[in-house]
Every structure is written in structure tokens, then in C-alpha cells.
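What follows is chain A paired twice: with chain B in the first complex and chain C in the second.
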Partner chain A sequence: MYSALLYKEWLKLRTTFVGLVLLSMLVLAYIALNLAYYNEFMTPKGFWGNVIFLGFRFFVEIKYIPLIAGVVLALVQFVPEMNLSRLKLTLHLPVEENKLLFQMMSIGFILLVSLYVMITLIMWIIVGIYFPSEIINFVLNPLLLWLLGGLSSYFLISAVILEPVWSRRLVMLPFALGFINFFFTSEDPTTGLLIFLILAAVFTALLIPFSGYHFKRGIK
Partner chain B sequence: MLVKTSRIFFLLLVTFVTSIYLPKYYWMKFEKNIRAPQIYFSPVTKDFLIRDPNITEIIYTDSPGHKYNRDDFENLMPLLNYRQLVVDNKFPDSLNGEKLEIDKIRLNNIMMRIYPGEIDATLIQLNPMLESKSGKIRLEMPDDFFRITKRMEFINCNSNKIEEDKSQLFTTALLEKQFAFPAKLIGGNPTTKKAFDEGYFVLDSKNQLFHIKMQKGKPFCVNTNIPSNLDVAYLKIMEMPLREFYGFLLTTSGEAFLISYDRYKLIKLPLEGFNIKEKTFAFFGDQFFRTISLIGKCNVRTVVTDRNYNIVKVYENKWEGNKELSAGVLAAYLFPFTLSFTDLNSSLSNFYFETSGIHGIILSVLLSVITVLLLKKRSIKLSDAWFDLVLVLVTGIFGFIAVSFVKNVENNLE
Partner chain C sequence: MENVVEVRNLTHYYGKKLVFENFNFEIKSGRIFGLLGKNGTGKTTTINILNGFLKPTSGQCLMFGENSYKLSPKTKARVGFLIEGHIQYSFMSIKQIEKFYSSFYPNWKKEPYYELMSKLEVTEDQKISKMSCGQRSQVALGLILAQDPDLLILDDYSMGLDAGYRRLFLDYLIEYAKADSKTIFITSHIIQDLENFLDDCLIIDYRSVLVAMPIKEFRDTFKQYKFNLPDASVKLSKNEIVKNFEILKGKGTIYTFSPKEAVQSYLDSLGMSEAQIEEIPMSLEDAFIGITGKY
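Up next, the complex of A and B:
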């Protein structure tokens, strides 16, 4: 059952996923080119100085890519289900509804995480060409927050889409956006806050059953 | 059960988001920019001159309450305003029996500020080691940056590789002086825009403070022998042609020292109530006096000392902050607490939580009563909605917003 669902979701998402991978590659390629450019024109020591003393964020172009990926994946996965009421059909399968929803989400989650791992590794490699570990950390720490924000946006936007009533969707949306915003505005979080944000990003998945419940029961 | 848990998470999310944004937007509208008074000490009258920057008109007041305009101020503070006085042909020949010379004034004028946000910050732990005895007037930025972890390593920026020979040279020099790796704190002034270079002051893992610099390519390394029981929190190093002290050393418990050029002897500054997490440290020195201020959010304490750091005069003042104004009083009733990810006194994101105390409870209780009525209207049993009630009671208006927006599930569960 799960493998069949997995295949169905993969058919639905593969084009989008490939598109998101390509988009990420393009942005990473741009950052790599920029790195080479700055290194040449600022001179290496000037470039290092700018990063170390002024906190120059030469990698900021990647910031909203995880968010775009999360939102687009949620839209592509769940909007058609809602419009064509296909989800109603799926939810009538002899499987517990929440299990089914989580299985569907798990596919989006796996795709998203693999994209994020790829972004992180490539970023690590291209920054590592020019910079030592201290500056790699300076890049990866904010990137981690943006990736968590992207993950959280996937779950939250999915929950908003699955909510059947427009008025309730409109209520959910600003809170969801406000929450996602934390990941993109928190600079340099302490370890405590970082752990909280990691947990928060994962636990936003738990909002899905609430929307799914409204959907299944057709609660107006 | 899962649906109920899911709903609780939704309630918590809404409460959390509102508890951050609602106070934030409220204060964006109502917060007044209340600036701390500027405090000067006149070497002419030997009295304070205070300016309130919240008034647009430039007026300075002394202790008896006399008012001075800008011209008077310049005459009373000739060492601070020497350039203006020279232009106006009003520069005095002597003061306090000492002849005044421009070069000497310039040499003796020292200004330095340390903000809490610069102490509570994460820095990239890479620093350039400048050549401090090149014989040239203009300092040059080197092609490598160093780190002090298990050993002292220099990383070349052109190749991004460790320079083995130089790293070995410095590590050996440090080990010879019993330096305990890794470094806990590195204080320096890594810029070429200064008159000369004094390198770095480095606290090792055994709380010994070392002075490290590079002279003609060779390491210069000295144990300053400061007491190791000082809980050093911050080092602010600044090369000054006066060469009286290298910089400032602040401890976690709020002591401030100068690291003097006299065999690194520490000079303790006579300060009281210095909370380095909340107060800005401002130091102004001239030919005759040192004016040291600790500036808090709603208070200031200024100590004036002579050149031997004996107290001459003290000034203290408090003023009303935003919390005491009507907007602040209202806020205390509206919000049982405020939560923020940012704080003016830190460069790090964290939970900055502040309760409003007893005032906030009134609205919380009132809203809890309304919640009971709301739940009745929704035909929900109170035993099923205990979480909603607790949430409103604890988080007041934030929880109430969540409960009003998020539908209950109990009446729909068969």
C-alpha cells in the first residue's frame, strides 16, 4: 500500500522536484561564480577581511530557495488533491486517515530533505575551496535556519491547503507565515534557541491531522 | 487523540506567534526614543555639564542649575572643543596652571565605548597578525589569519592552506612560555587604521593572559601575570599614542581594569554596579581627568577621576523609561508577558522573556471567564477543554486569540 502511494506521489512530484533541484543548482552556481569573482577583485585577504570583520554574506542568494522549495512542493502535492476532491477518494481507502496523510507528507519530506542535504553539501564544498572551517560554519549556521524554515513552510502550507474552509485558511495563513518568518529573521541563535527551532520545525508536521480531520468530516 | 494533540499544537503555535508579534507591533507604534543624558566634566569649573538630548535645543546644565549655550559649553570644555576654539581664536593659553598645547591635548584625549551587544556576540575566530616592527609608518594587512585552538595556526588566504613553518614558530614560542591551548578569548584591534600595532591579548585555557605580537617576523610572547582568578569576560584593545594602557579588561562580575604599559599592571577603575550585560561603558580621558560613565536603559552613573584614578566627583541620574509611561502601564495590563527573539543588549537571537507581573493577571482572569462562556456557546464540556482554559489563564490575551480562532473538536467527535 505504502509503495503504491509512494509511486503515485513520486509521479506527481517528480517534475517539480527536478525543477527545484535545477533552480538550486543555478543559484549555487551563481554563488560559486560570485566567490571566484570576489576573490579576484577584492583580493583574497580583502575578501576574508570583509567576511571576518564585517560579516559579509556572500551566500545570501540561497536564503529563500529552501522556502520556495517547501511552498512549491506543498502546493503541487496538495492543491490538485483539493481541487479535484481526489483526496476524498484517497481518504476512503481502508487505511487510517492520519496514517495516510503522514505517508503522503513523508514523501514530500524525503524529497525536501534530500534537496536540502544536497544544497548543504554543495555549499560546504564551494565555500571550502576558498575558506577555512570557521567561515564554513559562518555560512552553514544561517543556512541551517533557512532550511528549517523551508521544512516548516512545507508542513504549514500543506496544513493550510488541506483545511477545507476558506475562512479558516485565511485565519491560519498569517499565523503560519508569522511562524515561518522566525527562521528567516533570527540572526545568530544561541544553542537553546536553535534546538527549539529544530524541534519547532519538525513538530509543525503535527498540524496536518487537524486540517485533515476538518477535511474528512467536512466541517464547515 | 491525534487530532486533539494536533489542535493543541495549533493553539500553541498561534499563542507563540501572537506573543511575539502583538507586543512588537504595539511597541512599534508607541515606543518613545528616550535617550540618556550626555554627561561632561568641565576641567574649568570642576563641575558636570549635562545635556538632555531629548530636547532639540542645545542647552547644558551644571549642578547648581545654571544653563549654558553651545558657545559657553565650548569654553568650559576647551580640551574637547579645542579645534572649534582655535578657529574662533578663543583657545586658552593655560588651564589649571598648565600650559595648553594642541599636540598634548590630542595625545591625551581618549574616547572609548563598550556596548553589551559587542560582548554578547559570536565572532569568527580568525585574526590577522600584523607586523608590528616593520619600521614603516603605514601598517599592512598580512596574507594570513590565525586561530589558536590545539596550537597556533596561520592560514594563508591565497591558498586556504596552513602555513606550517610560521604556525610551528608561534606555537613553540607560546609553549615555551607555558601557554595552555586552546585560547579562550582573543582581544585585539585588527585594523591598519592605527598609529602602531600592539598585537593581541590572549586568555589561555588556564586563565593566564598573554601578550602576543609579531616583530620582524618573529613571535613576541609575554605572560602578563594577571591573577588567574579574574573571570575575564571581554578585552578591548586599542593602540593609543599616549601609551598609558593597552586597553580595557572587563570581568563577568562587573569589574573594569586598564592593562597598563607598566609591566601589564592592572589598574582597577572605581566603578559600582557595573552589569556588563546591561550597561554601556563609556570612557573619556583628557589631560586632567577621566570621565567614566555606565549608561543603563534608565539610569546613568558617571565617575570622574584624576589621572591616578582617584575619584574626584560622582554624578548619578535616573529617568522614566517606556515602561513607566502610559503606553507601558497599559502594556503591562494587556500583555501578561512579552517574548522576543532579539534584545538591544545582545547580538544573539535568544528567548528574551519578560513578565508584566501582577497587572497582567487581571486581564487573564477576565479572559478566562469569557472563554468559559465561549465554550458554553460552542457546547463544549469544560472537562474536555481544560487545556484551552489553562492556556488563556497563563498566556492571557495571546492564548485567548488562539482559542477564539481555533475551533474545538470535541463536539464533532463521535
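Up next, the complex of A and C:
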């Protein structure tokens, strides 16, 4: 049954997913070209100095890609479900409702994590061409934060979309945006903060069945 | 005969607005049950409660003996559900949607689905979003038939369908239901289509049940009597005899379950012993309008 649900969600999301992969590749290619340019024209010494002493973020163009991916995936996956109450079709399937919602969410999660792993690996490779591992960590630490922000945005925006009551949506949305904003304004997170944010991102996933419960109860 | 659906003292409010109060009915196995009512009387609300998409304010709704709000997957597999407007996953093609649903239902029979699809001018790879409303209705029906459920809940199957597709829909449905003793719970705005289809009917009005009986009994016992009403000052009113009435251009009409003699006595009591009452035959739609009123 999970494979059938996976099949359905893949049919719905594949074009968007491919689009997000292409967008990410374009941005990563742009960063790779910029890296080559900085290395050539600033000289490696000058470029390293800028990165190490001035904290030059030559990879900042990737910052909002995880966010865009999370929000777009949530919209494409769940807006059609809410449109004309199509979610009723899904919830009428002979599977326990919360399980169905978690399974749907897990499919969005898998696609998003696949994209994020691809971004991280490519980033690791292109930065590794020019820098040692210390600088790679300098890049991957904030990237991890943005990826977590993207993941939270997927969970939170999905929960807002699935919430059937408009007034609750209007309450949830500012909280969601404030929470997501935190991931994109925190500079150089400590390990403790990162662990806290990973747990917080996981917690946001629990809001989806909560909204599903409201839908199921027919609350309007 | 086993009760497939039992609704007991069901009351529902949307906020402070009462939709219905102490609503009671049951659907016996193998029967075709029609829930009829004007717009806004609570038909879709009832169906949402039956399918567990709405928690009633009070009362109980049982489907195959289970509380409809907490249906087990096993029971849900026994219920085919057509959502108002023949809603389906429109991003899927005819073939894809059949493949998707088939994994969920152990008794899946794809033959009736593809038989119905063969009547449409579409290919298997055509997306549902590119189909006409009539074609989408056949996809939705075909999927329900392939599911082979014991109970079919059809919420306004006729919405947006022309006469041909409505007929095709009902022809398939009746053949299927009679062959396998399936139970059907159906609502529609096109009452005339259901005339020779229903076994039982429940006619509801705002907040109340007007009729709950086999359709044959309703057709046999509900009558329309017309009479001249030259005196415009005569006041008719609803009571045990008069279930509804109309006064239009010097003519009176009374809708009743009582015999002609009782109507005559009632008119006599109003000083209208001269009134010549005449029984007018009614179609199911006439009877529906007669009992619910035009407004």
C-alpha cells in the first residue's frame, strides 16, 4: 500500500521535483563558476584570506534554495489534496488515517532529503576543489542550518495547508514564518543549537497529523 | 435483514446553526436508499458524518456496526464513496488511477472499470484533468465498481451530468447492485432519475425528516388533491391531514397521506363543503416538490 501511495505522490510531485533539482544544479553551477572566478582573479591567497578572516560567504546564492524547495513541495503536494476536499479520497482509503498522512509526508520528506543530500554532496565536492576540510565545514555548517530550515518549512507549510480552518491558518502562518526565519538569520550555529534545531524541525512534522485531525473532524 | 447503516438521534450544528436534530434512519442490506432534500438541508453533511469526515454534535452513526467516526480500514474497504462532483486524482491517467487503487482493495476487479472506460472516447493514458465532467463521472463510478464494495455511498452523482451520462451511470449501477445484492445510499438533485431506482427514501427538510419509507409506499399513499378556492379569505394550514398546500389563482392544492374523504372533511370544517376535490397523479419529482414545497 505504501508503494501505491509512493506511486501517487511521485506522479504528483515528479515534475516539481525535477524542476527543483534543475534549479539547484543551476545555482550550484553558478557557485562553482564564481569559485573559479574568485580563485583566478582574487588569487588563491586573497580568496582564502577573504573567506578565513572576513567570513566571505561565496556560497550565499544557495541559501534560499532549500526554503524554496520545502515550500514549493508542500504547496504542490497538499494544495491539490485540499482543493475540492480531495483529501477525503485519501482518507477514505482502507488505511489508518494518521498512518496515511505520515506516509504522504514521508514521501515529501524523502524527496526533499534526496535533493538536500545532492546539494550537500555537490557543494562538498566543488568547495573541496579549492579548500581544505576546515573551510568545507565553514560552508556546510550554515548550509545544514538552511537545509533544516527548508525541512521545517515543508512540514510547517504542509500543516498550514492541511488545516481546514482559515482563522487557525492565519494564526499558524506567522508562527511558521517566524520559526522558519530563525534558521535563516542565525549565523554560525553552535553544535548545541544545531541539535536543538534538528529536534525542533522533527517536532514541526507532528503538526501535520494535528491539522489532519481537524480536517477529519470536519471543523470549519 | 441486517442494518448496514444505523443513524440514531443524530444532531448537528455548524456553529450556532442547527442542521438537523434527532435524525434517525437505517439502511438495510441490499436496499437502494435515497436521501432526498432541497439544497442546504444537510444531505452532504449526513454523508460526511457517515464517512467519518465530520463529527456530529451528538447522536450515533453506525456503519456495519462500527462508529462511523472511527471506521476500521477493514470496514472502509467495504464502502465505496463517490464525492460530490466526481472528484478524483485529476493528475492521474485512466491506467494510473486503476493501478493506484487496486493495491488497496483485496477484492479489486478491474474488468468493470475497463468495460466502462471502453465506452468513453478516451485512451488509457488520458489524464483525468483533460476529461469532460461526464467522462470523469464514469471514471469515478468504474473505480467504485472495481472496488466491489458492499455499500456504495454516492453524493449527488448527477451533478454536472447530461441526460445520457446520468442514464449510463444509473444503468450500470442498477445492474451491479441487483446482481450482487449491494446496498446503495444515494443523493441527487434530479429526482425524476431515481423514480424507478430507489427501494427506500428519506426526504428531509430544514432540520426535520418529512418522509422515511419504501418508495412504493410513498408513491402509493402520498396524494395531491386540487380544488377550486373562490374565497381567497379561507386559510389552509399544515396539520395531521395537510402535509403541504398551495393556493394559486383561485385553485387550492393539498398534499396528504390521508384518504380523499379525510381531505373532504377537513375542507368541510373550513366551510368549503362545495369544493370538488380531484386527485392529480404525481411523478416522484411532483411528490417531492409537493412535500418539501417549492421554496
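The rule is simple: the second predicted complex is superposed on the first by the 220 of 220 C-alpha atoms of A that agree within 3 Å, B and C clash if a C-alpha of one lies under 4 Å from a C-alpha of the other, contacts with A are read in each partner's own complex, and residues count from 1 in each chain.
Assume contacts are C-beta pairs under 8 Å (C-beta built on N, C-alpha and C of every residue); 3 or more make two chains touch, one makes a residue touch a chain.
Note that this is a predicted model, so its numbers are computed, not measured.
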Chain A as common anchor, with chain B and chain C clashing or fitting: fit
Which of chain B and chain C A:Leu54 touches, first, second, both or neither: neither
Touching partner for A:Arg217 - first (chain B), second (chain C), both, neither: both
Contacts of A:Glu134 with chain B and chain C, given as first, second, both or neither: first
In the superposition, chain B vs chain C on chain A residues touched: B
Partner chain in contact with A:Gly178 - chain B first, chain C second, else both or neither: first
Chain B versus chain C as contact partner of A:Leu91, first or second or both or neither: second
Angle at chain A between chain B and chain C, C-alpha centres, nearest 10 degrees: 140
Nearest Cα pair across chain B and chain C, whole Å: 7
Touching both chain B and chain C, residues of chain A: 217
In the complex, chain C residues that touch chain A: 14, 48-49, 51-55, 73-74, 76-77, 79, 81, 83, 85, 87-92, 96, 99-105
Touching residues (chain side chain B, partner chain A) in the complex: 2-3, 5-7, 9-10, 13-14, 16-18, 20-21, 121-122, 124-128, 141-143, 145, 147, 155, 157-158, 160, 190-191, 341-342, 347-351, 405, 407, 409, 412
Chain B-touching residues of chain A, taken from the complex the two chains share: 44-45, 47-49, 51-53, 55, 98, 129-132, 134-135, 138, 168, 171, 175, 178-179, 182, 185-190, 192-193, 196, 203-204, 206-210, 213-214, 217, 219
In the complex with chain C, residue positions of chain A that touch it: 1, 3-4, 7-8, 11-12, 80, 84-86, 88-89, 91-96, 215-218, 220
